[in-house]
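Got a structure here, written out as structure tokens. Questions coming.
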Amino acid sequence: PQAAKAVGDTIVHGKTDGGTTFVRNYNVLGPATDKAPNMELVYEPLLRIDYGDGAVVKPWLAESWTFGEGGKLLTVKLRDDVKFSDGKPFTVDDALYSLTLPLEKPDFSIAGITYKSVTKVDDRQLAIRFAEPAYATLTQFANILLPMVPKHVWSTQNLNTWTNPEPVGTGPFTLAEFKPQQITLKARDDYWGGKLPMSTYKIIPTSPDALKAQLLKGEVDWASNSWANGEKEYVAKDPDKHLYQLYSNGGAMSVLFNTAKAPFDDVHVRRALALTIDRTAVVTTLQRPGTEAGPTGLSDQLFADWLDPQYKGKVQKVDADAAKAELAAGGYTVEQGALVKDGKRYQPSILFNSDWSWGNYADILINTWKQTLGLEVKGAGQPSAGYYDKQNLGQFDLVAASTGGAGVYGVYNFLSSSYRQPLGKSATLNQGRWSDPQTDQVIAQMQRTDNVDQLKTLGKQLQQIVVDKVPFSPIYNNYYFVEINATRWTGWPTPENFDHIPFVGMGPDTILTLLKLQRRGN
Amino acid sequence: MRASRRWAFLVRRLGFYLAAAAAAVALNFLLPRLMPGDPSSAIVEELERVSGQQVPAETLMSIRAIFGNPSDNLAEQFVDYLRQLGHFDLGVSVVNFPVPVADLVWQALPWTLLLVGTTTVAAFAIGTLLGVVAGWKAGSRFDALLTPFTTFLSSVPYFWVALLALWVFGFVLGWTPLSGGYDADLPQGFSFAYAVSVLHHGALPAATIIISAFGGWLLGMRNMTVTTVREDYVLLAQAKGLSPGRVMLRYAARNAMLPSFTGFAMALGGVVGGALLTEIVFSYPGIGYLLYEALQKRDYPMMQGVFLLITLAVLLANLVADLAYVVLDPRIRARG
Amino acid sequence: MSQPVLEARAVSKHFPVRTGTGRTAVVRAVEDADLVLRPGRIVALVGESGSGKTTLARLLARFYPPTTGEIRLRGEPVQGKDRAYYRDVQLIFQDPFGSLNPLHRVRYNLDRALRLHHGIRAKAERERRMVELLERVSLTPAEQYLDKFPHELSGGQRQRVVIARALAVEPKVLLGDEPISMLDVSIRLEMLNLLDKLRTEDGLALLYITHDIASARYLCDDIVVMYAGRMVEGGPKEDVIAAPQHPYTKLLIESSPDPERGLDDRDALFDEAADDLGEPPSLIDPPAGCQFHPRCPFALDVCRTEVPPRTELPNGQWTHCWLHQEGRAGDLTAAGAARSTEKENS
Amino acid sequence: MITDSALAPVSSATGAGTTVLDVRGLTVDYVTGDAPVRACDDVSFTLRRGEILGVAGESGSGKSTLITALTRLQRPPAVTTEGSIEFHPKNGAEPIDLVGLTPAELRSLRWTSLAIVLQSAMDALNPVMRVGAQFVDALRSHDKRLGRKEAWAKAAELLGMVGISADRVRSYPHELSGGMRQRASIALALACGPELVVMDEPTTAVDVVMQRQILAQVLRLRRELGFSVVFVTHDLSLLLELADRIAIMYAGRIVEIGTSAALYADPLHPYTRGLRDSFPPLRSPLRKLTGIPGTPPDLRNPPPGCPFHPRCADRFEGCDQEQPTLLTIAGHAVACRLHPSGDDRP
Amino acid sequence: MRASLLTSWKVRFGLGVLGLFVLLAIFGPWINRVLLGVDPRANDIGAIASPPSTAHLLGTTQFGQDVLAQTIAGARGSMLVGVLAAGIGTLIAIAVGVPAGYFGGSVDNALNFLTNLFLVMPVLPLILIVAGYVQGTGMWVIALIIGLFGWSGGARTLRAQALSLSSRDFVLAMRMLGEPHRRLIFCEVLPHLSGWISAMFLHGMIGGVLAEAGLAFLGISDSGSISWGTMIQSAQQQSAVLRGFWWWFVPPGLCIALIGTAATLVNFGVDELSNPKLRLARRSVVARTRRAPRPATAGGETR
């Protein structure tokens, strides 16, 4: 409990989503979902996504890249100043190995890759081939699940059983000590990106509740966790040092309609329901005022340059009359809590993940629908597993789901009918079974270009489609939550002014954050 | 004759526990196979969720090679399973692939043993002792106050007591840490500071388990004591002019205690279950939390491993209770 | 003498039990027992606790099959349905508090018996029969007792209800397993008198099991003495009591309290009992030869190895004792006769 | 103090001694339900040194209640509401009223002066302690200087006194047979050389043969050690042989006290007579006996007047109103209105 | 017998509380709708996580839902699971325990082994695992699982009782009359077990309520319905403890504890009834004997 004891050049990260103990599993490419934390400080990807700049892709271990053959060939040029922590240089062979591994071992393909082959061009360049134009899917190389690993270490191991206890990577840290309840990383002094201001990075497991106390006491410097009412409970106590920041992650919590099912194949029904979602009530109970999502699902903060001006700052308030008009237009009436058309009764239900305790928010939606339309929607909570099952199989009417991704394309591409599956067959994307030629056409065009202006125009078209046809209806924006106790370390970015997000687990952004910190008072 | 009787009893009980352990292993094997879904599919789904892509057929094959194919012959699977168990191989955790479940369980076990083991014994001791006093002074003010109060305590959910305790002592008063097994900024090892830290973190969880658990023992012991106190041999002990303390302990309590040991089996499962929930409230790095995470993440191999371990541990504890019973009761009656 | 209704021929009952070492052993609860019950006659079975009296009664009641030997009803070996058998043979238990279900009224007990065995449909008819039954066991006014619960009755009244229930079946044989031992001393005799009445009025065959040899003498015609699972002696009651032909019977009679023996020299009265005779034998591992030999003051060598055969005496008395076979019966009777004449004179 | 010669022994087999116990007007209630149950009502008697006083009565007549009250061992809901129990120590010190003593004061008297033998030795010995240890417990708590070794030796010696071999001291109670346990608990009662031993039906659980042996041992030990005995049983025929004097209890009261001979030959109270005639004779000619009609009263709801009047053949006017008091007639006390005047009424 | 059951304050209190909660379970929705006029799911956005006040007697949750209304509504969910689980468990216990005790022999050996097996198995983890497999099902399945694994203690008791009852003279006597086994079990043995069975049922009900709460706390329950368990879980997820929203998690926990206490107290009373020794240890009895008049200690006085 004694903050004074912590060494001055250590930064402590409190990890809240890793349980009570850590597992020494640095098999970064393996299919495990829970690996050792903060692996991005050891293993780095080729590229990074700059959320400070409309989520465009920026170089990292790759120095530059070019597209050829209409976007089907990607040539990547690697930096030449990168060394693994065991002193060996990072070479094109390592990159080749790292990128080929998911191709050769499909069970190790966890980053959602779309490329078909990788070849070595010369000592610094790789040629990566795609079946489709890949302008829009370049982000896969920024995925921390597709990092560069040393071939000389990995190729000698049986990856199905190896837990990589002594990780060797290109990142700024090496593993100094691994205790199930405490991991100590040591800063390298030969990191290609520069010298870090701290020598040690410590990770401790904690619970969201305990974290709050630890932050208040200054035992933890940095954490990523949402703190409802954090403004009052934390920041207000010492606005100077207690930082609680929200960075839009480009996603939103939305209601997804199962458009393969009546009556949600009818745009009027979708519109009516979307018009009567009390978004303000939801964010109020979330204690995140002002985070209601706009009708496009693109956040103002992140997509300022990309958003159609007519949707900027727009939040759909509950509009019962308009909704009723929509229902009438569709030929629907509400009788005894059910939608009725042509003698058919529809009693919708809303699926949600009970592990997120979303039931209470579902209640808000249900209550509003009932009050405004008289429609009785049933809540159908499922724990994660069942929730994803049902969602993927299309066994739902409405589902509260997270939408979003990197860039406009990233947010909307799930609407492509190429991901569509018949009801009862598992679809990992496009669970709403959206099928719209216009959507498909715009998405296809986006995939074929990396021209920013063209992308912006296409993006606006998609926004239009989403607002008009309502394949899904966003409720509130999702954020990266960052809690900082700046007693020991200053120089943190702020949501108003950042070129990287100080979120732990963001890969290169995490490294950038660390690089820019300064010891307070020194 | 006497010794052989005890041995016979022990051998019989040992036989039973072996059979029970075998049944537990079989149950452990069958449960996932009886349930809708199977571990292989579960891991595939997990992968799909992580990668956002459908898992290719080759991947599916390789996963099944590791986690067993549901279409294989059940008997063959069982033989394989037993062979694996023989090497203390509980399979590989799904979410921590490829870390073996056994490693994770080993890591968590000491904490749980420390917490649940000591508190179970302490709760038993405290409950039994207070129960004897309450039963001895049945009808006194002590009894009249304590007994309903413990009735209440024994009916409160473990985790609720834990929540309250955490709120009062951890949050309002700030006396105890809010989570974890020790202070994270201390090096783990055999140092005094570390030991103090472990105690500091363990005190509140331990206290809540004891508070929730001792009531059951107390009530049982009280009633047994009340019944025993009316036995002729206690009357005779009083008639002999022995001191009341001696009569209470050597005559009444000593006999009243015996059924407690037989009741141990019934209660132990409940206490362990409750203690697991307590671990979750305090984010205590033990088996209970492990099970919680496994449940949350549908890590079937982990669930199975933890369950097997808990079951075997409880069986072992019962065996120990039976041993104690053999030591304590010279008349070993024939019992199932 | 009338034909036997119920006979036990050379029956044995061995109970398998688990011993301490986990192996199974057998308790030889009854060994090679013969018993004959005739209409209108009462046989008393006496013996100490654990000598197998209850086991024999339950064998006769077909609670369990005999290990060897057979039970005959009216000369026929019994087989087939229990219910037919129970129409003829009924058992009365020792504990009047335990043999009535506390939750059922008197009416229920009698009603079930009548229904099961006579299938009487008409309610009025059954009612009439019930009243009749209660009157036969002297529970009057009967109507008043029909709706009582057992706990509202005294021990004696309960035992009467039990007897009435047994009689409802109209059995030929009544087996009484210590039917009076749990009753208060002052009301025991009434019960014995009731049983005697049933015997004379209905010609029932009765087996009367007891510890108390004096009450056996009061009620029965013949006495059979059991020791450690075996029958050691039997015969007409006065003969057996006046001239026991087995050392155990002799000991039993001498040990029974008998104020008539004279109260003058109390210490002398007890003095002869002062020498420690030890305990009755274990039935799991009974002594070879005569079961009684370890406690028998007259034991011969042969007693230790061979089971004594049955010796029939002219007066109908019989015994299993080597003294008779070896021609040394005098040893026994001399001591016994001396004592009894002494008593008669005083 | 008034010396009531009627309540003292007229003659004693072991010679008239001094008084050991003087019980006056002892009344015990069970405080349950609304009205207390008076299980001992105004009980008075005197016990001489070395005397055996038998207390006989049917089940529920308050015998055990009297015993626990005498030894101050009663537990809730029993309360001694009236009376005194004066104990006269051997050394001639002032008599002590046991009723007024604190538990600590009582403790020093227990076992050294006042010992008890309970009905069932199976239950009276702690099943989880070795038999010897239970002796040692008693011995060492009353003689602090006694070493552990000596105490065990003494225990073995005491067991030897009742005919149990010394190697049995290390046995657990369940390893002894019923008779051995009963004898062990008698030996235990004698461990600290008490002046008074109270025995509550010590032989009902054993057989007549064993009963005789045990009682013979008690008589022998009494002769050697000179303690007095209050012996409770429901078996009057046994008491007639055993006791010096007998008190008959009915419904919580003593209805008659007299020497055994007098009580046998000439019982004054109709109940005593009925009780005596409830035991069929072992040898003398049989005649029809009737016992006592009716049932003992329910103490929760006792009949008015003489509690025996509803069952009494000789009752006359007033029996149902007036509670007769215990009066002495020729050294023989009785509480019956048939005997209205004692010859030395106080 | 019934009268004496009610003389114990424990039984009266216990039955009273249980009755109250049963009423609450039955009429809860009506009370909420008509008497309080509050929908337990309605969100009062103006009063988020507000402490008890006149508007919301027990305060509101993070979602502006009325805690009182939720607690009342939760009674139905929790009690339903408790009662169902207890019902199922009791039926199994009877089906296993009574024949085992009554018939003895190999039937007993097999059933008793089964009972002992379930007895030594840690039931809660077992329930957790099984419930974990069939995640996201309704209250009925939860109750079924709890009942399915929670019968062994009861079966053991019933076996012991049936064993002693089956050799009791009155059962033998009725057998001597030729009563069939079926009737002996149902008319002679079972009625005597009713006390035990009702005690088991109550015990099972507490067990069910507690287990449901535990499952809900772990997020394995029917999140669509309101029960005390889901309330506590919801509070826990919103860090109610550390934000000091005690009014959110205290009432449901208290209700569980109250029901548990009530059921235990009733069982206590039943115990006292079947074991007179316990009855004598009641405070009222002891107090009364203490108050009874002390005898005169003066030795000189006689009659």
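In order of appearance the chains are A, B, C, D and E, and numbering begins at 1 in each one.
FYI, contacts are C-beta pairs under 8 Å (C-beta built on N, C-alpha and C of every residue); 3 or more make two chains touch, one makes a residue touch a chain.
A quick map from chain label to UniProt name: B, E = Peptide/nickel transport system permease protein; C, D = Peptide/nickel transport system ATP-binding protein.
Note that the coordinates shown come from a computational prediction; the quantities given were computed from them, not determined experimentally.
Where each step is a move between two chains that touch, what is the least number of such steps from chain A to chain B?
The fewest steps needed to get from chain A to chain B is 1.
Using the stated contact rule, I'd like to know whether C-D or D-E comes out ahead in C-beta pair count.
Result: the pair with more contacts is C-D.
Quick one: point me to the chain whose Cα centre is farthest from that of chain D.
Computed centres place A farthest from chain D.
Which integer distance in Å separates the CA centroid of chain B from that of chain D?
54
Can you give the whole-Å distance between the Cα centres of chain B and chain C?
55
Could you put a whole-Å number on the gap between the CA centroids of chain C and chain E?
50
Cα centroid separation between chain B and chain E, in whole Å?
Their C-alpha centroids are separated by 22 Å.
Of all the residues in chain D, which ones touch at least 2 other chains?
Chain D, residues with two or more chain partners: 75-76.
Chain B: which residues touch two or more other chains?
Residues 139, 170-171, 178, 230, 296, 298 of chain B touch two or more partner chains.
What are the residue numbers in chain A that touch two or more other chains?
209, 213, 355, 383, 385
Touching residues of chain B toward chain E in the complex: what are they?
Touch list, chain B to chain E: 16-17, 19-20, 23-24, 27, 31-32, 35-37, 135, 138-141, 143-144, 148, 151-152, 154-160, 163-164, 166-167, 170-172, 178, 219, 223, 226-227, 229-230, 265-266, 268-270, 272-274, 276-277, 280-281, 291-292, 294-296, 298, 300, 303-304, 306-307, 310-311, 314-315, 318, 336.
In their shared complex, at which residues does chain D touch chain E?
Per the stated touch rule, the residues are 1-2, 24-25, 27, 29, 31-32, 36, 42, 44, 75-84, 86, 95, 97, 99-100.
Which of the residues in chain A come into contact with chain E in the complex?
Touching chain E from chain A are residues 208-209, 212-213, 228-229, 233, 278, 280-281, 284-285, 287, 354-355, 357, 359-361, 363-364, 366-367, 378-383, 385-387.
Please name which positions on chain B make contact with chain A in the complex.
It is residues 42-43, 45-56, 58-59, 62-63, 66, 93-99, 104, 107-108, 170-171, 174, 177-185, 187-188, 283-286, 289-290, 293, 296-298 of chain B that touch chain A.
Using the touch rule from the top, collect the residues of chain E that touch chain A in their complex.
Touching chain A: residues 39, 41-43, 45, 48, 61-65, 135-136, 219-220, 222-224, 230, 233-234, 237-239, 241-243 of chain E.
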